[in-house]
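Before anything else, here is the set of structures, which you'll find just below.
Across the two complexes that follow, chain A remains constant while its partner is chain B and subsequently chain C.
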Partner chain A sequence: MKWGGVVSFFASEHAMRAERTLQRAELPARLVPGPREVSPNCGVAVAFVWNDEPKVEQALAAAKIRFEAIHRYDLDDETGTVGTVRRESVA
Partner chain B sequence: MKSFFTRKRTFAIGIVVAFVAVFLALGLVSHSNSSPPKLQATSTKGAQLPYAAWFWTMVVSPTNPNELLVGTNMGVDRSQNGGKTWKSVGLTTVNVTSLAEVGNAVYAGGVPGANPVIHNTAGRTAPNGAGMLSVSTNDGTAWEALHPSGLPKNTIQALATDPAGALYALLNTGGLYKSTDAAKSFTLVTSKLGISPWALAITKDQQFVSGDMDSGPHTSANAKAWTPTTYTDLAGGKMVMEYAVQPTDATNVLMTSIGVEMSTDGGKSWHTTLNSKVMFGPVAFAPKSPQIAYAVGFDRSIWHSADGGKTWTQVL
Partner chain C sequence: MSGDIYLDHAATSWPKPPAVLEAIASFLEHAGGNVGRAGHHRSIESSRMVSLARESVTELLGGETPDDVIFTKNATEGLNLAILGFAVDGGRIVTTSLEHNSVMRPLRYLEQSGRCALDVVHADGNTGEIDLEEWTARVGAPGTCLAVAVHASNVTGILLPVEQLGAIAAEHGVPFVVDASQTGGHMPLSLPALGASAVAMPGHKGLLGPTGTGVLYLAEGVVLEPLIRGGTGSQSESEYQPDFAPDKYESGTLNSMGVVGLGAAAEHLRTVGVDHVQAHLTELGRRFRDGLADVDGVVLYGPDDPARSVGISSVNVEGVPCATASRVLDDEWGLMTRAGLHCSPAAHRSLGTAPEGTIRFSWGEDTPEASIDVAVEALRTIAERARSTEQVGTFA
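== the complex of A and B ==
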């Protein structure tokens, strides 16, 4: 799976809640190790498809899940390729 | 002039001082037993594992305590210098959920494909697929695929060894199987674990410990009936990621969660030994140097303990 964005968090439990919330909203999302240049805070981030970014932000806001930032970031499960932060929107 | 320190007042002051002293002493004792160690901040300058979508499992070489193997969703990475640098050593098309050692043999279990984790009816597990079991007898340099009898070809979620040297394979269906002949054949222990199949270890007196990311650690005498352990992780949840049992004393168990926890009673109770905000995954003892242990954070940091997991320092 290729992901285009990651959400970073201050705490792992927020990341786990976010993953569940997005999956329930039928938005592809998964816990991933947080790329260090994105956020070293809790070690994990939630990867999502970048085209879903507005819906992701909306779903997290509706569920009142605190997140640190949403990043444009390429991740590829198959190759382990990671990209660079291309845009960052701090919550 | 009458002295303030009458006999009654002196007695009352004595009582108050004694109470204060006792409370202070109790407070200090309680504090030293229950407070987690000082929060360990991850250094951005520390050694890092190569990026992977999931860090599952780790073993330390039976012959060299500086040689580590880590299983990820993209195979096995090896470090030959205590975690400072890493190189892929194979099984790159396999989601390697578990590594386990019996003697000089390292077993790798998992499922082909890079997708690391799914949610299914059993909870959070590795994806369904044709299970893979391989063995290496040269610290991960080469891997041989195994096709044991009696083990269904489903995703291997976790491998574990018991103090007697038996190898257990937990499938993502919840089936648990045991081998006592170097993985040539397996026999069924239970077709349904009864709790979410995620992480598994066997401690002293054949006590099973198991848990997942959401429901916390459990113990069982038979891997069928489970008792939840009173435990709250550092973030207020019940996260269990991985276990490691000390080779020379199977009452000492490490468990990764938010940071690293330790049990000195075979998994019945836990206390924090690595206080961190970071979610940790792989953890392992060195078989021949059982005071040495390693743990891996999901921020790709590597941590080393020289005292059996009681204290930790980041590998730089």
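== the complex of A and C ==
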């Protein structure tokens, strides 16, 4: 799976809830170690497919889940490689 | 001892649903990392399980978002957080005469240290009646910063009209804290509907979770000072306490396995239905009172109608100290009750049962009718012995 974005959070509780919320909405999502270059706040982030970005934002807002920001972030599960972080926080 | 009959659910429930034990074991085996402290898979799995537990508890209690639910180690911690958080130096606090020491001691501390004045409004431990005019006058008096009331007495189980008390507090813009220690899991609750600013309850009584767990609900918009400050796993670069829930109020490593057990208990209650639990408790209460109606020498406290209680009944046997009767019940029938003042001296003064206290019988979701029948017959026997020259009991 190739992910194109991550959501960063202030609290890990919110990251857990976000992963669950997105998966229940049938939006591919996975908890990943929080990339240091994205945010130092919480140990984990939630990776998602960039094309889903508007739906991700909508689902988090509907569930009243507080998040720090949404970032473009390349992550490849198969190769385990992390691409470049494009510092384009959208929220 | 002839049995193992547990009628002390108002202290802590036993046994716990098997799912609670399984969830705790599963947590320790399959997770076991520290919640929110790392990105490795055991930490993440622990965080997932605790987060799911928070969701289950929130849904059971009708919270709007899991951020409304703070995990504490018991109701006392939640009550202290709320009371000390709302108290304003130089202000006045209003409460009832049926409060447990988990409320009374922090309030008396505030009074004794000169920080707040305290008004205690009399409430009837048998009927639950409270003078609403007096409550209104005290709550509406200038300088009142907080009102606190117990949802149901831990001595007689009588329910107080907390929605009315809360509405009066809201009319005067006074925060209202509810001690729901005996009602959580014993009657359907929608916490926002109680109209309280904060509601505290233990996780280990009616909610059927393990000891060492508690829940504090904070209404939307309520922001308090935390009781303690420290590591939360979040905002590690900052030396200042996070300002968001739940982290703000949950410093230090959480009782994760306990919380996960509590989450399993909440799921169990959602499956069983708390309305069914309440109906069962009421039926057992009726059986207990009806069984003792024709027994001479047994004094019953609390409401005549068990539907106005939550699975608790207090009694005394004339001529027998309550501690003696409670010990005989355990020694001869294996029947576990609690004697004395139940950490509620004010409530016993209201009932007229201080300083001796009462024998408290309290049942739970899985208590069979047969246990109530044994309790009735045992009390009948002790009362008969007390009226004759026979020894009340022999002690092991």
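One rule holds in what follows: the second predicted complex is superposed on the first by the 88 of 91 C-alpha atoms of A that agree within 3 Å, B and C clash if a C-alpha of one lies under 4 Å from a C-alpha of the other, contacts with A are read in each partner's own complex, and residues count from 1 in each chain.
In the analysis below, contacts are C-beta pairs under 8 Å (C-beta built on N, C-alpha and C of every residue); 3 or more make two chains touch, one makes a residue touch a chain.
All figures in this text were calculated on a predicted structure; none of them were measured in a lab.
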First, second, both or neither for A:Ser12, with chain B first and chain C second: both
First (chain B), second (chain C), both or neither touched by A:Leu75: first
Touched partner set for A:Lys64, first chain B, second chain C, both or neither: second
First (chain B), second (chain C), both or neither touched by A:Val56: neither
Which superposed partner A:Pro33 touches (first chain B, second chain C, both, neither): both
Contacts of A:Gly43 with chain B and chain C, given as first, second, both or neither: both
Touching both chain B and chain C, residues of chain A: 10-13, 16, 31-34, 40-44
Of all residues in chain C, those that touch chain A in their complex: 35-39, 43-44, 47-48, 50-52, 54-55, 64-67, 232-237, 242, 244, 246-247
Chain C contact footprint on chain A (complex, rising order): 10-13, 15-17, 19-20, 31-34, 40-44, 63-64, 66
Interfacial residue positions of chain A with respect to chain B in the complex: 1, 10-13, 16, 23, 30-36, 40-44, 75, 77-80, 82
Complex interface listing, chain B residues touching chain A: 42, 44, 48, 50-55, 72-74, 114-117, 119, 213-214, 235-237, 239, 258, 277-280, 297-300
